[in-house]
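Have a look at these structures, which come just after this line.
In the two assemblies presented below, chain A is common to both, partnered first by chain B and then by chain C.
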Partner chain A sequence: MTGAAPLVRFSQVRKSYGAIEAVRGIDLDIGRGEFVAIMGPSGCGKTTTLRMLAGLEIPTAGTITIDGRVTNRLPAHERDTPLVWQSLALFPFLDVAQNVEFGLKMRDVPRAERQARVALWLERLGLEGFEHRPIDQLSGGQKQRVALARSLITEPEMLLLDEPLSALDAHLVVRMQGVLTRLQKELGITFVYVTHSQSEAFAMSDRVVIMGHGEIVQIGRPREIFRAPRNRFVAEFVGHNNILSGTVTQGEIDVDGVRLPLAGVSDGPAEIVVAADRMEIYGSPPSSPALKAAFVSEEFAGAGVICHFEGPGDLELRAQVPEARLAELSPEPGKPFWLAWAADSPHVLTHREGRT
Partner chain B sequence: MARIPSIYPHVWRVPLLIWQGLFFVGPLILMVAMSFWLVRNYRMEPDFVLANWERMLTRDYFWSAYQVTFLRASLAAALASLFAFPASYALAFKVSATARRWAIFFLIVPFFTSYLVRVYAWQVLLAESGPVNAVIGFAGMGPFTMLNSGFGAMVGYLTLVMPLVVILQTFSLAAIDRNLIEAAWNLGASPRRTLVRVIVPAARVGLILGAVFAFILSFGDFVSPFYLGGSKPPTLSILIIDTTKSGQQWPRAAVVAVMMILTLFTVAFAAVGAAYRRKA
Partner chain C sequence: MRLPILFFRLYLLALFCFVFAPIVTSTVFSFNSDRFPTMPLGHFTTQWYQTAFARPEVWEAFRNSMTVALSAATLSTALGFATAYTDFRFGFRFKPAYLALALLPPTIPLVIMGLAMLAWLGQLGLSGTITGIVIAHTVMAAPFAMAICRLRLQQMDASLEAAAWNLGASPWRAMRVVVVPFCLPAIISAFCLTAAVSFDEFIVAWFVSGLNRTVPVMILEILQGNVDPQINAIGTVVFITSITLVVAAQLLLLGRTAR
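Then we have the complex of A and B:
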């Protein structure tokens, strides 16, 4: 977003199905060449938003502008907004080349040019030699790449993706993430990526849009969303966060009788978020104040291990530690630990000044 | 322990095999054999002579009946598929699931009554003094002769096959993954091109099976050509009746029947092959 006119603008867009409001008045600008992830729990309206952009749903109210043109009612086949379906929706009665060629055929591109572009796109996605393969003889990753080639062959200005990786094996997901980010950078086009997976959204996108109950809750860079969630909904959805409430007095927050550091916040009740990787774990009571919590379980998370604890008043706490450190701590269920953080680690969710 | 379950699934095939053996393969073999028998003094004698085959296959009336039957059955299959498609399309895509269930039910209802009864009803409706001509008469035209003609026979064939063709087409269209249709729009296909490029190919199996059933039922039918078509020109089924009536020529009728069965096998085999063929 460099101040230039956005490629897409949603303004006060609503969509209802009878009494059910799927999307309740969203405003969103998407820039050219941007990788935007729309993330939220199921039923939050993210897929409906994407489908409205593709012309597969007509907004009930508001306007959707693409390239400065209001496109609310432009039929899907008159837009150039290819979508990659969760099910991929490859045509089973056509082979690989015929699937990829489909969009060009519908635009009456001459045969010779179609063949040249199909060859180019199959090569780009590492599908040379698969031209005449039937779709049901491809692996999951190959199907995925056919779907991408089929959508990108018309060289659109934007590509829409609806949870395209959710059916893949974990190791393929990471590989396809690489393919997608590389393609997006190379082509310089806009990607709008709908997902419920935080790791996919954070790994690939420039900006993340968090939706909940048909509304946009927060828009920001992945880092902002993770470190500074706007409210409890985002903080809970993003995961690996600790949400604590207490009363602030003189640069400290009182959580269940333990006074922990909280810099730069005036006195009053507050709700704070501390990311799991900012939590310190101690095997014995440290000299500074810390929350005493019983170990519950551990969860391997690649870069480290997420440990789950139960703190005072059934408070759920999480801390991320490197694997080597975990061995030192030798946790067992029920074993007590002490958790604390640096004064500048917490992010304040809500805060009311004064009144105690 | 391992042996008992290996026999078990085969047990269930036995009744079907017995049934097929008794009522399909047995009579079929008998009929083929009979086509080589001899008729002497209005009585059949088991024999092995080629006279019946030679007699039937060298007669023009056999081949013209064959041609009429084949063309009529093909036309019935084509017309039924064509007329059924808009209805099937509407049932598959334009109405609610409840409406579709009711429609399927009402498409089954015609099978409750004898086909013969429905054909008799057409005799009344299509008569020169019948209600259809009365309506046409209001428009200042007619009366038209609709009975005892190829048209009459075709009305009968369609009466027989249309409900089944609509049901088969509806099921195959309704089973299409909706995402495929949306994907076609999304890739720039207009609704008309989506129909031709995606919906018809995706429903191909059901569409071909519908046409094959229409062909098979019309090809073997004798009620429509007899009661509505006036037996002229004769179809193969009418030829069989005529042949058996005249001088107990069962072996010659068997030749006609064997030729019909060979034709149906060929058509069904080719059609099923086409339905499940992979595009190269």
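Then we have the complex of A and C:
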């Protein structure tokens, strides 16, 4: 998302709490109307980054610019950066309509207009008729939508979301993802979505920002992150990847004595990633070279079954196999299989010592 | 299994009997026509209430006690809430010391507290005044108010207040529209309880009250003169007042916690 001036610019932003550095100098531009997911394991600084954007934390160093204006120290209540909280933080002593109109009330919007806008937003989120329901009588999905309506009613340019779906049941998560992406497209506003869930980030966002240990490790479209992780940290975090190391000679990589195809890489030691869905499995030794590995377990994943294997030297291997194909192979723990890939499937990790 | 439960229930029953027997006795004799508490009972009468409340000093004492209880409850609830909120919201270096200090007054022996208050209020020229009793009772009751408010604040999602800021409420406004409403049951409950503490309190009030006697101080003075069923009548009114306040406080606290 380049071109026009970004809505948000983080420039060398740091945040420390005493001796602990939560965010260590990040640079990030977020465009208007963009859906950005900030993803990383717990403690990676993603929530702190979001809180700085909302004015709930003051950066220790660096600048955060929103709409061309440096906003490091602008108090939270003077910004228009509503946040959907992980706990939702709905006001339990107010009913649905009172929760939703809260932001307007704080801006001293007249009563008649408040009511009209509450009605509009409740309708938009399918909450008509719930106006006077107490919060504790709503289902998880309804609470979620109340939280969204409450944040969006002031019609901000940007919505911040802090793992808002983490408390929902799996079937509701998918439905809410649909609601969120639809809303974001309809309103054309910027969504900054913090999550540790790869599937949420990849399903919804235009760009994914991977954070680790307070730094940004990689920024890219979901597909780029998935197919071309920058380093081992990203490859491991994204999951369902096989990370292998070996020595490359003449278009082949030697992994534990087995020479497997690897196109376009010069000789020398290398670390490569093969996504689980690019891994082929065979029930008997194929004519071409393949890694022999013992079947460990299977994990049903909708589009296919992720099979886990133990290869030479305790190497953990995964392959995504269509359900029908797996049934033919009749796997059982300890049974040997052979794994291989097409020459153009592996992605080479640029940094061998990729951990940040 | 059955026997220990039965035993426990009997024990509980005995405990309540032990606690309430004197109060019940006093109430029963307050409606008894005989001058002295003897069995069998005489006939039912409200004459002791009539004579007791015909005395202007009894009304005076009740007025004093009410003024003191309401003022001390207001002040100590405000103080207790502020202390509890400080603890909830801020982390600072000497917090354990701060909390220990805030919770200290109930651990001080009442006689010592009374003497100290007498000396200090005397220095300030407040000894013997209603203001003096209010100050003493505020000091004694604030820790209870703080404990109750703290309990409620512990149930509050810390992001609730931040959510209010995030939606455009200044810190003061967020306090008014989010924190106080959330804590309201606890605040009312703290008010009732601290009013009850003040209304019943005798020792410290006896030290500092002077001529502005509160009800418990007046009861002692009447008792020193002569034993009379009027005391039972006054005692019953005091008991009903206090128990009403305490029960109201409990209902408010339990009603909200149960949800």
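Criterion: the second predicted complex is superposed on the first by the 348 of 356 C-alpha atoms of A that agree within 3 Å, B and C clash if a C-alpha of one lies under 4 Å from a C-alpha of the other, contacts with A are read in each partner's own complex, and residues count from 1 in each chain.
Keep in mind that, in the parts below, a residue touches a chain if its C-beta (ideal position, glycine included) is under 8 Å from a C-beta of that chain, and two chains touch if they have at least 3 such contacts.
Model, not experiment: these values are computed from the prediction.
Trainee: Look at where chain B and chain C land on chain A after superposing the complexes, then choose clash or fit.
Mentor: Overlaying the two structures gives a clash between chain B and chain C.
Trainee: According to the stated criteria, A:Ala76 is in contact with first (chain B), second (chain C), both, or neither; which is it?
Mentor: Touch status of A:Ala76: both partners.
Trainee: Is A:Asp95 touching anything from chain B or chain C once the two structures are fitted on A? First, second, both or neither.
Mentor: Only chain B; A:Asp95 stays clear of chain C.
Trainee: Going by the contact rule set out at the top, does A:His171 touch chain B (first), chain C (second), both, or neither?
Mentor: Neither: A:His171 stays clear of chain B and chain C.
Trainee: In the overlay, answer first, second, both or neither for which of chain B and chain C A:His132 touches.
Mentor: In the superposed model, A:His132 contacts chain B only, not chain C.
Trainee: Both chain B and chain C contact which residues of chain A?
Mentor: Overlap of chain B and chain C footprints on chain A: residues 54-56, 75-77, 80-83, 85, 87, 89, 91-93, 102-103, 106-107, 150-151, 154.
Trainee: Within the complex, which stretch of chain A touches chain B?
Mentor: Going through chain A, the ones touching chain B are 54-56, 75-78, 80-83, 85, 87, 89, 91-95, 98, 102-103, 105-107, 132, 134, 150-151, 154.
Trainee: Under the definition above, what is the set of chain B residues touching chain A in their complex?
Mentor: Going through chain B, the ones touching chain A are 177, 179-180, 182-191, 193-194, 197-198, 201-202, 204, 278-280.
Trainee: Okay, in this complex, where on chain C does chain A touch?
Mentor: So the residues of chain C touching chain A come out as 157, 159-160, 162-171, 173-174, 178, 181-182, 184, 259.
Trainee: Applying the document's contact rule, which stretches of chain A touch chain C when the two form their complex?
Mentor: 54-56, 75-77, 80-83, 85-87, 89, 91-93, 102-103, 106-107, 136, 150-151, 154
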